[in-house]
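For reference, the structures are reproduced in the following blocks.
Two complexes come next, and they have one chain in common, chain A, joined by chain B in the first and chain C in the second.
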Partner chain A sequence: MQQFNVYKIGPEIKISGLDLSFTNSSLFMVLSATAIALFLFFGSKDKRIIPNKVQLISELLYNFVAKMISDTAGSKAKPYFPFIFSLFMFVLLCNMIGMLPYAFTVTSHIIVTLIMALFIFIAVTIIGFLKHGFKYLSIFIPKGVPAILLPLITIIEIISYLSRPVSLSVRLFANMMAGHTMLKVFGGFVISLGVLGGWLPLSFSVALTGLEILVAFLQAYVFAILTCIYLNDALNLHH
Partner chain B sequence: MRRLLGCVIVIMTIGSDVIAAEVGMPQLDPTYWASQAFWLILVFSLLYFSISKFYLPKIKKNIDDRENKIKEDLDEANRIKNLSEQKLKEYQQILENSKREVTKILLDSKLKLDKEIQNIKEKIEKEIDSEVSKVQKEILIQKKDSINSINIISQDIASNIIEKLSGDKLNESSVKAVVEDISKKNIEKYL
Partner chain C sequence: MKNQDDFKTRLKIAKNKFQKTALNEDEKGSFMGNAFKLGTELVAAVGVGTIIGFILDNWFDTKPWLIIIFFFLGAIAGILNVIRSAKRMQKND
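The block that comes next holds the complex of A and B.
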């Protein structure tokens, strides 16, 4: 669990009693953001008809996210495209950089994912109320439900709606933490079983690393697509 | 033995390490929550603004430019294709026209030539006819002349023969009359 430790880098920054020091977590956030910025910079620098590799990948990502949004949330979600794109890229890069040895995984901390999920939740709720007013509350009343079941269903809907930020944040955090812990455990087995018996857990470790890279991408995708789905609920109220 | 001991020590240290770590999850330690939240919000908002203000419009522009360029190029290609088809049609039209003209010219010149040939042929035939008739006349004249000279010769011969046979000299005019008479009678045979 050492790999999840957060520690201060540089001087202590305290603002009105809050410790806002620059930590290794902050460092890796900055690294991820810088990597994204650099990547997109080189991906959009040359205007070529036949794109180079970086440009090709950045345009593929652009089209990927654009298609994801238009498929799940329709054309009304166009203004939120930059946010979803940033979110997807940030989570993806944080996950991926976390896969490097000795790196810190920003998204393996519940507080980080919770803040992102809460922001999305609050933003989506505000958008819903701004677009539809109090009619937005009809999201809790599904159509075609018998009158007897309606109070129960409504309560369930409200609970599921309120648990969205929790499920969204815990999904990402738990996946990342579990993956890294598992890698660490198998790594520990390799050491403890030595040259003779360590090959089996080593091969597991290699396989798990591949799986974790897949999970890193998948969780970023899931995070982004769930955001799209929530946005869709707020934008297109058709229950 | 020594190796086994080493293994055991390693297992124990790692085991204790794992157990010690499981006591507290660093994620649930609130010491740096505020810091993480602060830096997350700061970094992410900076990233969001740079992406939405600079990078995405640029990428979008690149993609749109490419699509437009491809579309324009395709349109241009279509235009040129249509143009070339039209030109080909025109060319074929011209070819057909000229072919028709050539046949016409050929036919015309053939007719003209035929006429000319006919004319020349007629002229030559006429000339030949006139020549022939002229020659025939000449022949006729010569024939008559030859008959006359034959008559004179036969008169001479006849008078000579009579003179030799009878010893008398006959009147020339009567011999002439007899010969002319005979030759007139037999002229059909000689002509």
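The block that comes next holds the complex of A and C.
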């Protein structure tokens, strides 16, 4: 579909065989990153006691993420707040900008979400090993398992651990792509049914747009909260 | 000095109140987020298990066997994942 096409903008840049050209995908990533930076800059510029709207929204977002981290990962995860906050904001803004007409949805490509998920996965593994050393491997050995079953359970635990980045990335990508495809399909129905029958799919597509905005927020939330949960497993062994 | 002590106690009371309200707030968004989570959790583990089985099969030249075993192990891991997140959801309630 045309809305998922990636094309080059400007000259082709090739560095040692790697194609590093600027694409529309990179353009929308830059756009959402600048939008976050500008918004939070104006939100925190003049710190009023009675906040204006921009300040209110940025404070709400801050509190939302701070509460999420302290609820799921405890006080030990406080140093990782900047990382999780930027992750949440980036996914949220990419999803939301994708909802605008003619915009490109960065998160509807699995390579983008997979890179983010793999980064989280590797970072969490490194944090776990740094904090606990080789004792971190004990997350693969649950407590109170009979010795005969231990090899089997350990293999299952390892598969479960390795499935984390896959489920994290596939969830975000599938939700965004399916949503946009569904909107496109219903939009196509409106055209093909014409003035007489087109009103029903049109109303559906209005409702779906609302649902998609909800999904865009929820997926960003789920992405961030799962990062917190994985971080919790790495910081506090055995719960 | 007395004023400062007074302020400190008031701050403590306010902080307690804030924490209590923060705990009592129900998170309406989170249950839908959790519902979206469960499906992919199951599928991803099956996929990862199958891929591991495929790679190991290519290594050891035992064509269909390891992929079958690891498919089922992946399914078990997926169910385990779902049970874990369901437990986490119940703890939050």
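As a working rule, the second predicted complex is superposed on the first by the 235 of 239 C-alpha atoms of A that agree within 3 Å, B and C clash if a C-alpha of one lies under 4 Å from a C-alpha of the other, contacts with A are read in each partner's own complex, and residues count from 1 in each chain.
The rule is simple: contacts are C-beta pairs under 8 Å (C-beta built on N, C-alpha and C of every residue); 3 or more make two chains touch, one makes a residue touch a chain.
Treat the numbers as computed from the prediction; the structure is a model and nothing was measured.
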First (chain B), second (chain C), both or neither touched by A:V170: second
First, second, both or neither for A:T209, with chain B first and chain C second: neither
Chain B versus chain C as contact partner of A:I159, first or second or both or neither: second
Touched partner set for A:A33, first chain B, second chain C, both or neither: first
Which of chain B and chain C A:S192 touches, first, second, both or neither: first
Residue contacts with chain A in the superposition, chain B compared against chain C: B
Touched partner set for A:F90, first chain B, second chain C, both or neither: first
Chain B versus chain C as contact partner of A:S58, first or second or both or neither: first
Intersection of the chain A residues that touch chain B with those that touch chain C: none
Residues of chain A touching chain C in the complex: 67, 152, 155-157, 159-160, 162-164, 166-167, 170-171, 174-175, 214-215, 217-219, 221-222, 225-226, 229
Chain A contact footprint on chain B (complex, rising order): 3, 7, 10-11, 14-15, 17-18, 21-22, 24-29, 31-41, 43-44, 46-48, 50-52, 54-56, 58-63, 65-66, 69
Touch list for chain A against partner chain B, complex: 1-2, 4-6, 8, 13, 18-23, 25-26, 29-30, 32-33, 36-37, 40-41, 43-44, 47-49, 51, 55, 58-59, 62-63, 81-83, 85-86, 89-90, 106, 108-112, 115-116, 173, 177, 185, 188, 191-194
Chain C - residues contacting chain A, complex: 22, 29-30, 32-33, 36-37, 40-41, 43-45, 47-49, 52, 70, 73-74, 76-78, 80-81, 88
